[in-house]
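Take a look at the structures below.
Each of the next two complexes has chain A plus one other chain: chain B in the first, chain C in the second.
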Partner chain A sequence: MSLARAPIEPVIIGAGPAGIRAAQTLVQAGLRPVVLDESLRAGGQIYRQPPAGFTRSKQTLYGTEHKKADALHRTMDALAARIDYRAGALVWNADQASLEVIQNGTMTSVPYTHLILATGATDRVLPFQGWTTPGVFTLGGSQVALKYQGCGIGSRVVFLGTGPLLYLVAYQYRKAGADVAAVLDTSTHADGLAGLAGMLRAPSLLAKGLYYMGWLRAHGVPLHKYVRPVSVQGGAQVSALTYRLRGHDTVHSIACDAVGYGLGLRSETQLASLLGCAFDFNSQDRAWLPRRDAAGRTSVSGVYAAGDGAGIAGADAAELAGERAALALLADAQLPSDARRAATLDNRLLANARVRTALERAFPFPADWAADLNDDVMLCRCEEITAGTVRQAARELGAHEMNRLKALTRVGMGRCQGRMCAAGATEVLAHALHQRCDAVGRIRSQPPVKPIPISVVHADQQKVSL
Partner chain B sequence: MPLLTRLAEKNRTTVTFTLDGRAVQALEGDTVLTAVLTQGARLRRSEFSDQPRAGFCMMGACQDCWITTAEHGRVRACSTFIAPGMVVSTESTEGRS
Partner chain C sequence: MSTRLDTEVAIIGGGIVGASAALFLARRGVPVAVIERDRCGAKASGVNYGGVRRQGRGIEQMPLTRRAHEIWGELPSLIGTDGEYVRSGHLKLARDQDDLDALADYRDRTRGFGMNLEMLDRAALDRRFPWVSHAAAGASFCPQDGHANPRLVSPAFARAAQAASAHILEHTRVTRVERDAHGFRIATESGPTIHARVVLNCAGAWAGAFAATFGEAVPETSIHPLMMVTEPLPVFMNVSTGIQGGGVYARQVARGNCVIGGGRGLTTSEDLARPSGEDIATLLARAATLFPRLDGAHIIRFWTGVEGNMPDHHPVLGPSSTTPGLFHGFGFSGAGFQIGPAAGEVLCDLVTRGESDIPIDAFSITRYLPTPTRPILDTTHAVSNLLEISR
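Let's look at the complex of A and B:
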């Protein structure tokens, strides 16, 4: 026994498509991973499962993707006895050997030898006038309300932003019986054409997108492109959205009681940052992402990143990347790892990346946003800091990069740790400094990466104050 | 006016809880966010501007949906389930602790 290898203690953070396929692959190799899931049921966001007792079919919940959702949920159910699945587990700190976790008000340390980050993504948003008004939710949030709670975010909803999710969520809402007042897309017809060639590589994805748009039109939902939001009207709650078309001054108004809003997705990278992973600026995502090889290895030995948390690629790519990272982990731990399968996954991920590039062309980031933003627009929702304060810090206080800006203005220091404001702050700071957005750096993460309860019980049952 | 509209899953057991001193009904499986925003249009007031807030991302990332309960203090409304008898207040402007 003295020759026995040190035990492998793999931990996976996240139980969406990437985390589930990673867990399955490790189990097939005879390992028993710990899976830490902040949600109460596995599936992640896109395949999020409603609470027990809800009765809609998976076809109703997940539409064209219901078979993929069902396969993942069943995979996770079948793995139950062979993994250490911890639901409702928030990882709030991480170092080279262990993770600090809160679950049911109890704090524990979870040691690991190998770690797969499958932390997913949330909507990417930029600030505009009135975006904190009750009734404005993200597109992903709008979908969660419907899928997870059977609710619409309002009775007359405008969907605003860009990306495939914009039309999908509008379709799901109209289909569920909601009044969709309009779909307002920041992208242009020219963008759509630019993305078309690449989209032809993924005919089913293209067909789905065109179907949603056509169906919405056929059901009388106005679809507009070239949109830039002006403001949300209403103080206590949304009463209208005003907008203009890019390059035009005429302001249009649509009466509505809710706005679902998002400009694509942003990766959840806080833990990779805490772990000291090297980051590179990714111009396609217009974001800093953990550096990784094709298999998902980060710059830190034993730490892997897969799925949308490592770079936006969508749910199908996340399944492939989760499995691929697990195969890399097995190879690195000198355990049997299927090299042929790994090569197949690499090819599929490459094909997927080309489609992703085409999607980004069709629904590009509105890079002109910061230039038109008024000084009084609230940029940081947590600390209520305006775009004007950021510009002043840039011009008068020497805030030349994001961490200096944070220290001077508290942007990114609030409860969300920059999740909702970093994209906007980056754009405004770079614009004020006449620089490209990759020149102002990224906010370094600090623990806790999410707020933790005021008092929690340590696993040894002693109450600790924080 | 309530923010959220129930579109499906309406045949669940009702749950009575207290919202700003009033006994109101939610459905079993509702998050606190759903339970409160099917009654009204606010979860809390901003500790800086006193403006109303009602959540944003619904997936535990934005931290906009904090609300005060008698049982557990401040909770994230989008990821906490309503329970019978829960006492919830949208009046709090409690800041960070």
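Let's look at the complex of A and C:
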């Protein structure tokens, strides 16, 4: 005789590689998870599907990764009848028993007993002179334009930054017929060599990277390393990008009408923060991440984190981590959970982490950035706060950590709530205080995770009197 | 082994009350130390709505709020920043005729305190403030009330106090307070042990526990006012607005963001509170109803804070009834931002002159104690008072 167990209500936030594999694993165990996804179609950022009716092939859309994309999309399609899938659902607030969700202009509360956060990542950007000029996009945004809307960000584009996405997006643009004026990489040849040993563990990844670079060169696209951007020129639209090479004063200029820009990725951790998960500073990601065990358990019982939202590891690792977190959830709920499979996933995740470390060596974060930033550069574009204002607050107003900086200057207080500006503000504040960037803390998240319309109505709302 | 700090006055709590008391004391040359468990102005003083209004306060608070109004007028010379303080005017809306009657009665009762309240009927409201919904029946207008940015003002009081040579000890949690014949000995978790002749209890929502250890248990509770802010919008709210009976209040800052409050958040721990789902939905609906121009706007942030509340919504302000040298200034019940600096000045006067020109009898802690007035007995402070307020 077994004791009757209260039914569990698992919820997964995000339908990218991690979320889909987590859902599949829970369904295989006989559960019917709720899957809340902000996008209208499943796939996440990397395997984002175009709107219904678009006819480009997956090979065109996803290149070398089209088989993985197709497998995930098919998995999700096959799950449709066995999960409670809610597309276009923004989870804007969370507490320890329920989630606040807006879908089609209506606000609902979604209860849960177990929660898998598979919230993904965005580009990480650091400001420089002119970075808010119309025509400057993130690398991910540039890719979304191409993948989702079938258009480019400009006709003559410079790609700037670092990370594997830099060369991939440049390749995709050139392949789609855009004039790629240059690829400007902030990393160095020495960085590339430093990462090489680790990359040899992932020969296909290395081969792809080398292939994109070689292909771009063969097609006449100039590739430069050691780059530090100086400024984006132009008023209503980008007209040129100027840059110099590290250690050199000569400023070069490239005419262009758009810039795709990014310095790796940053995890979307606001929900974990709202849920009260403990965070640790991760020096590889140079970011505060929810503390989790190898299986994805956070410090809050019943809350799991998987995929790039828990720390940058890439799409392949996200699939593994989503499945792994779901197995942990099953075990914690005392449901049958495949321990051998879990051990296999643990090993593969570990191997993946080593490759990720090598990638970070090959495309390191430009840690000297803040030192070069002029005072008049806009750091927080929502609230229009300059680097100089932040430095002044550090010097004169006692802004010794990020929340006090936010209170005194409004950095991180605008529409993005720090999602975009916090990386740069942290660097500038830490530099101004002569501290390491982990010493200035992180912005405490406040709801909503993204702006919500004031006109939103609660599903069970009575007429409200004044 | 902790170090020792000797001072004349130790202030527990670096909110706007404690920090302004420190500022006034330091300016009069009194050695003073502020002991703040977080950062000065990080709690209710720094995260409140930012209303700087006299209108709506009870008659008992009129002398205090009038004095505060004068102090706010000198803000830049006092704390080195205007704190985005504007005397925009404060509009108190009426839902119906009963509300209008109540507002007219309030105007009559508070005449002589310089508020110059104007009653506006529906037509006048439409003419003067056309952005207010027709759901309002009229209003009372106080032309010189206004609003300010608490995130700037409250920490600036502490900085000004420090510049005037007050000791500011932040991230320093008081663990124990003892009193003996020589004065107070205040132990802290990580900082020095402070010896002082006088202690000011300005610990906000945490002050009641402190008072209780000196035999003055009062029914202080915590409240968590719910607030939200929109993205920047074209400026249309040219005054700060509230409604008779409470429920929703709003102001628009120069940058264009509308700051809107009403309802309550939830406590998550002793120190923190957070917005709650149900009250958020109500607040959204109320704001959209009352201010039609918010239609289409986005809310970019909700927040709340932890504020000490008294049953009669008046603060506890004045000397302890049990312990010589101990003074209270807490329980401002969601309305302490405007009167905070005047309360700080009153505390300074009580310490340095033994009296205040502002009548504060209504705020005496004795109103909550079993016997109407308890004389201070010398035997009381001969016994050392042990206080355990760490968790």
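The rule is simple: the second predicted complex is superposed on the first by the 457 of 466 C-alpha atoms of A that agree within 3 Å, B and C clash if a C-alpha of one lies under 4 Å from a C-alpha of the other, contacts with A are read in each partner's own complex, and residues count from 1 in each chain.
As a working rule, a contact is a pair of C-beta atoms (placed from the backbone, for glycine too) under 8 Å apart; a residue touches a chain by one contact, two chains touch by 3 or more.
Note that the coordinates shown come from a computational prediction; the quantities given were computed from them, not determined experimentally.
Peer 1: Going by the contact rule set out at the top, does A:Leu408 touch chain B (first), chain C (second), both, or neither?
Peer 2: So A:Leu408 only meets chain C here.
Peer 1: Which chain, chain B or chain C, ends up touching more residues of chain A in the combined arrangement?
Peer 2: B
Peer 1: Just chain B (first), just chain C (second), both, or neither: which does A:Met107 touch?
Peer 2: second
Peer 1: Counting only touches as set out at the top, which of chain B and chain C does A:Gly276 meet: first, second, both, neither?
Peer 2: The second partner, chain C, only.
Peer 1: Check whether A:Ser98 is in contact with chain B, with chain C, with both or with neither, and answer first, second, both or neither.
Peer 2: second
Peer 1: Considering only touches as defined above, state whether A:Glu38 meets chain B (first), chain C (second), both or neither.
Peer 2: Touch partner of A:Glu38: chain B, not chain C.
Peer 1: Using the touch definition from the top, say if A:Gly398 reaches chain B (first), chain C (second), both or neither.
Peer 2: After superposing on A, A:Gly398 lies in contact with chain C but is clear of chain B.
Peer 1: Could you tell me if A:Thr138 is touching chain B, chain C, both of them or neither one (first, second, both, neither)?
Peer 2: First partner only, chain B.
Peer 1: Could you tell me if A:Gln284 is touching chain B, chain C, both of them or neither one (first, second, both, neither)?
Peer 2: The answer is neither, since A:Gln284 touches no partner chain.
Peer 1: Check whether A:Pro451 is in contact with chain B, with chain C, with both or with neither, and answer first, second, both or neither.
Peer 2: Both: A:Pro451 reaches chain B and chain C.
Peer 1: Once the two structures are superposed, pull the chain A residues common to the chain B and chain C interfaces.
Peer 2: 383, 414-415, 451, 453-454
Peer 1: Name, in rising order, each residue of chain B that touches chain A in their complex.
Peer 2: Touch residues, chain B against chain A: 1, 3-12, 28-31, 34, 38, 41-42, 46, 48-49, 51-64, 66, 72-74, 78-79, 81, 96-97.
Peer 1: Provide the residue numbers of chain A that touch chain C in the complex, in ascending order.
Peer 2: Interface residues on the chain A side: 93, 95, 98, 100, 107, 109, 274, 276, 383, 397-398, 404, 407-408, 413-415, 417, 446-448, 451-458, 461, 464, 466.
Peer 1: In the complex, go through chain A and note every residue touching chain B.
Peer 2: 38, 45, 50-56, 60, 122-123, 132, 134-138, 140-142, 144-146, 148-155, 176-178, 235-237, 257-258, 268, 381-384, 414-416, 419-420, 450-451, 453-454
Peer 1: Given the complex with chain A, which residues does chain C contribute to the contact?
Peer 2: 39, 42, 46, 95, 135-136, 151-152, 155, 159, 230-231, 243, 247-248, 255, 266, 268, 274-275, 277-278, 280-282, 284-290, 294-303
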